[in-house]
Amino acid sequence: MTDVYTLGEPLGVVSSGRVRHESEARLDVCGPEFTLAIALARLGHRCAYLGKVADDELGARALTVLRGEGVDVEDMRVAEGARTGLLLRESRVGRELAVTHYRTGSAGALLAPGNVPIDRIAASRMLHVTGLTAALGRDAQDAVRAAVTAARNAEVAISFSVEYVPELWPSVREAEEVLGELACESHLLFLRQDELDLVKPALTPEREVVVDRGAKGASVRADRMRYDVQGWQVPVVDTAGAGRRSRPDTSAPRSTASSPRNACTAGRC
Amino acid sequence: MTDVYTLGEPLGVVSSGRVRHESEARLDVCGPEFTLAIALARLGHRCAYLGKVADDELGARALTVLRGEGVDVEDMRVAEGARTGLLLRESRVGRELAVTHYRTGSAGALLAPGNVPIDRIAASRMLHVTGLTAALGRDAQDAVRAAVTAARNAEVAISFSVEYVPELWPSVREAEEVLGELACESHLLFLRQDELDLVKPALTPEREVVVDRGAKGASVRADRMRYDVQGWQVPVVDTAGAGRRSRPDTSAPRSTASSPRNACTAGRC
Amino acid sequence: MTDVYTLGEPLGVVSSGRVRHESEARLDVCGPEFTLAIALARLGHRCAYLGKVADDELGARALTVLRGEGVDVEDMRVAEGARTGLLLRESRVGRELAVTHYRTGSAGALLAPGNVPIDRIAASRMLHVTGLTAALGRDAQDAVRAAVTAARNAEVAISFSVEYVPELWPSVREAEEVLGELACESHLLFLRQDELDLVKPALTPEREVVVDRGAKGASVRADRMRYDVQGWQVPVVDTAGAGRRSRPDTSAPRSTASSPRNACTAGRC
Amino acid sequence: MTDVYTLGEPLGVVSSGRVRHESEARLDVCGPEFTLAIALARLGHRCAYLGKVADDELGARALTVLRGEGVDVEDMRVAEGARTGLLLRESRVGRELAVTHYRTGSAGALLAPGNVPIDRIAASRMLHVTGLTAALGRDAQDAVRAAVTAARNAEVAISFSVEYVPELWPSVREAEEVLGELACESHLLFLRQDELDLVKPALTPEREVVVDRGAKGASVRADRMRYDVQGWQVPVVDTAGAGRRSRPDTSAPRSTASSPRNACTAGRC
Amino acid sequence: MTDVYTLGEPLGVVSSGRVRHESEARLDVCGPEFTLAIALARLGHRCAYLGKVADDELGARALTVLRGEGVDVEDMRVAEGARTGLLLRESRVGRELAVTHYRTGSAGALLAPGNVPIDRIAASRMLHVTGLTAALGRDAQDAVRAAVTAARNAEVAISFSVEYVPELWPSVREAEEVLGELACESHLLFLRQDELDLVKPALTPEREVVVDRGAKGASVRADRMRYDVQGWQVPVVDTAGAGRRSRPDTSAPRSTASSPRNACTAGRC
Amino acid sequence: MTDVYTLGEPLGVVSSGRVRHESEARLDVCGPEFTLAIALARLGHRCAYLGKVADDELGARALTVLRGEGVDVEDMRVAEGARTGLLLRESRVGRELAVTHYRTGSAGALLAPGNVPIDRIAASRMLHVTGLTAALGRDAQDAVRAAVTAARNAEVAISFSVEYVPELWPSVREAEEVLGELACESHLLFLRQDELDLVKPALTPEREVVVDRGAKGASVRADRMRYDVQGWQVPVVDTAGAGRRSRPDTSAPRSTASSPRNACTAGRC
């Protein structure tokens, strides 16, 4: 049996201190669900990750890393002829992180409802999806919906992290519609403070909601109670695999209190 | 007055020894016309480069490098809201070079006939274009054609390097048509041995033709004579800016005898 | 079903260009069976690896790497309170490789006959063992013997690589006895030219024998025929995971013709 | 004449940020008495260091470093056929330092009473020994005792630093016995706060005692007075040669107020 | 038209963490006017830089960097047979920066009044000179004076940064005389708090004076008003190109509030 | 007793692959006599080195390295207020080595006859001097002469290596005069083939002469016989400390057959 089943797009990420001047760079693999699956696996949970990679070396790397960390990659698909997406990330001292997305037509965005294994999700204790994957295109969005439907039908707990990236959506309105709907399906909802308006209809008492308040910590609302957790001031070593970091509006140093795995170890999954 | 006017797409290039395993990478800027312009400028020629970059840090880097090397960048355009294209290049010891193109919708491909300054080309001694730029899409192809027409009308010598990259063309037939036509317009033609068939109609006696025969050197056919030059066995330090290297079918170590600049210093430009 | 089952000691390896002068070093994991299992897995074979690591970070790394590469690690054991062995390797330009073994009392040497799963070996197509593991102590030697017995009883093909490391044996005589006996049990025998005397009784016509002749290539004797293969002059990038390299008497550049996987792809496994 | 005579085990140390994931590492030489001797030599004191290294490159490095810094190495011994000990040290951001000892049967532990030059110690102004060397085995412990006896007989001041490393002792009781006895022989005693109980009998008024209180600084008790010194908040660059750092129970950032050399410059040596 | 015209000596700078122990170093180009010109060019101002470099690779690098950043280098001179000056800079953690000057007889010091283009300065909106260039020798000092005279005659605003480096002057008295005179010619005066005495006569109400008060920030006195600006606590990444850093008496972290560009964007240039 | 006594200038050396483009560099210490002393010390000979360094970190490094390698530095002098000389060396692949000397007024050139200890040289078995030190100025040249006179008077064997660096001499004639004279005083003479004309009068039968013929090897003429030694084709790792490499006219790869130590181990010293 799987503890947490998740799906998303595995990406390469090129990190540079100063894109304009430096030749030194790092090449890693990342993705918000990717990172979550590995983190939970390290904590001892059985995780399965579904995603599409290309039959290129970046795709092979994503698979090798996931498998090495003990994440179940049985459902992973390899799309021939496509390419695995790439991010170029600049993190200059004292500046906001800047990310350029090279994911147009990437293998990850080809994930389709037909790739979603209903039975495997039904046999999990929790499904975790994000709004980032829903933003990758019609196919990926339908895959997220198919997974959510499968979980709901099988009474599997649904965890949803909003992960709103403006440049990946045609309009705020469309984001609002899709993200709001997914949020309403979830039992456990993760979001940043600036995403509260996007998913307003989902902020009802019966839903467990974790609000990431940046450096100030996180708030958890569950069972009609609110718990505030202070941010942990950890030194940020590398943010390569941390999905939420890939947006310029997140301030550093980052609170870790609101990460799904904390809620998870505390609660339902 | 400009000695050589050229146009193309400036790209970022991420180089990795083993994409699947290594975190160390390098970030540079490249492009076959980009490299040629810099090489000729270092040799003392006045070169001008036309291309589109995005208003991102990679684009700023391409501009900084060209300007720093003394290439005339007056005609360069900055496309707002686009992104500068990127290559991911793996050069494993003993393996063929593998390149993944992340240039879908890149700023460089937005180069259009309207960006081509007829008068500036007319005031140059030579125009150099490549089949790579003609492969970037309708707009870029028309820009190459506009430049060639401008040169022909002003009786400016035309240099054409075939640079056939199969994956950038819809079909061999289309490549053959476009590349053959451009080759027929040129006075000086550069190509690899495996590209001879693509531009057969252009292999006429009145045209100066330089054939890159890989490790075996190069052949120059001019004035109905054929000169063979042995390859120079130079240690390959880095191939980041060498456009021709970006195809897997070129064998290493590479002959430098056939590079445009040699022909150029020997002859017409 | 498993194609190749193998067992050995996973080790950390610290590589330095000049131990006496340089601070830069690399930390990897290695072991001759370890490397073989990964190489075969990359070629598409189903491999299983049995070995003991400590509950330290080096041990976790060995496990992560094997699992990431798709090697079956179900039988791996973690020995609490022990430490995973370490090699310090100096590869100076123009000098013989020098290796210092820090494996006294290492977790890997604690592998015992009781850890050897008879049924799993019986269900494999080939067993691969080396004389290196047999040199680690009484327990490890008995484990190798138990595996060989299990394979013989189940009529599983046995591959044996001599891997004689003088400093790990109490005397040449004892090495000769143990290695000779194991060689006689094998169907496929790998050895270096300087190991021919050690396993003389095993050099009979019915056994497939692959002799590594260093830079000169390799000889394969099978079905009463001898095939000579020239060495491939490959650039040596890193020798970290190549077990045979850890002896000072191997000359560089190394022939790759005699590596087990070649024989393997050509033949029985 | 020698200002400070000291004896101990010189070790190699491999430093890694994350043993489980990173290939980059550093190779240095270290040891608490090793570091002290160099620090005092840099401050202008004449120091002599006694220890055994193997006839390997690590041993040659330890000798080269000591000699280069002006430490008197005339008494150093080279043990043929042994190996110089090694530490593998992981210092992850936000984690406690983790050290694995690869010193079983190392050359340094072979230091024996017979290697201790009575006359040279008698001709020094101070002898400095640590409990770490006393923990290396019977021989090394007897060598420490022989040095202390030589100093006492010649009325040479004795400095003792407790340096308790649990995993090197068979039992707390035995550590307590040996360390307590050595502490009682000393005129100047260095210890961490958590070592106070181990050497209780030595905490008498006539002995100068320096207590390392971690980030809080240090206390010096001398001439029946207690002086408190605040910790200096220095950036920790590298801890490779700092003996005390090699225990996981020391918190960072570290106070430097309690290091022997400060007491030393203030006082007797 | 040029916004800011400046002149100075471009230098190579070798940066090392610990000159005594480390082999890793960095090689960059620097100079206070060099850095200012680049900073202003990045902010969108048209800057011109005048200086002499040798016909060596360091000189070529200085030219390439300036040109790449868009600084007008039309007036730059290349001195054959000379060498471009070099600094060796050690920045140890917790220590004051230490700089050794290798500029005796460097190309930069050969800048002479005859190299100063009166018309180009007259056609600029502001001239910026420093006391550092005035300290390089008779020729360079006269060049600075010639530039100042040209600016004054053409009613071009004069900006002067004191940049007193004791070891480059024969005596304090001579520095005082020259620097005081230049300060009196300026409309905009930059100095450190410890340089106030050197240029006392220039501290009159009609002059805009910016005092760098180190970590405490800066004071600007203009129009008989005094404005205090707090220091910005920025992480110091690299100080290679920051001229003022090359003196040991500047404390870190450095305030950036007093940099010429701030005054510049706020005011006259 | 000293086997070989030598004197020279210890220098820092900054090595760069491409001074014009790269930030990565290395900082080492070097000098032809410096390197020889260390090489002979590693081979087990007792060597003493005389030279002047500044009281800066580079000087401290030169002393630390020599002392660490076991070279006798008792006669070394530290010149206060001076600076230790520096070389900037570019070794581009496929290009001749280019060296810029930053040694004007360096501490090393201040070596004077008064610093030469007559008795210490008289008590040595061999004196080794080079023409490089004689080129540093009047003082250093006189110091070399004083050493040679001391050796001759005490019947100590004199080894002289020509080491002609054109840019350090006012004229060829002066070099010829000084180098010729020193060569005539020597018993053992080392020179490159292109230096034969400079020291013609010294090429007499009673003198042992070693001619470095570059890649072709070396010729030794001794006892009226000529022995030819083929060059050893060793990979050149780093040339930082190899004095002869600092001239652009030496071709790579370099033969090691003619190095002093070989002659030395074969013969008199």
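Labels A, B, C, D, E and F are assigned to the chains in the order they are written; within every chain, residues are numbered from 1.
Convention: a residue touches a chain if its C-beta (ideal position, glycine included) is under 8 Å from a C-beta of that chain, and two chains touch if they have at least 3 such contacts.
Just so it is clear, the structure is predicted and the values come from calculations on it, not from any experiment.
*Asks:* If every chain is reduced to the average of its C-alpha atoms, which one ends up farthest from chain C?
*Replies:* Farthest chain from chain C, going by C-alpha centroids: E.
*Asks:* Examine where the copies chain D and chain F touch and state whether the two sides share over half of their residue numbers (same) or under half (different).
*Replies:* Chain D vs chain F: same; shared/all numbers exceeds half.
*Asks:* Could you tell me which chain lies farthest from chain A when each chain's centre is the average position of its Cα atoms?
*Replies:* F
*Asks:* Measuring centre to centre with CA averages, how many angstrom lie between chain B and chain F?
*Replies:* Here the centre of chain F sits 49 Å away from the centre of chain B.
*Asks:* What whole-number Å value describes the gap between the mean CA coordinates of chain A and chain C?
*Replies:* 41
*Asks:* Which residues of chain B are in contact with two or more other chains?
*Replies:* In chain B, the residues touching two or more other chains are 64.
*Asks:* Can you name the residues of chain C that touch chain D in the complex?
*Replies:* Interface residues on chain C, with respect to chain D: 12, 14, 16, 18-28, 56-58, 60-61, 64, 83, 86, 88, 90, 98, 100-102, 104-105.
*Asks:* Quick check: in the complex, which residue numbers of chain C touch chain A?
*Replies:* The contact residues of chain C facing chain A are 64-65, 67-70.
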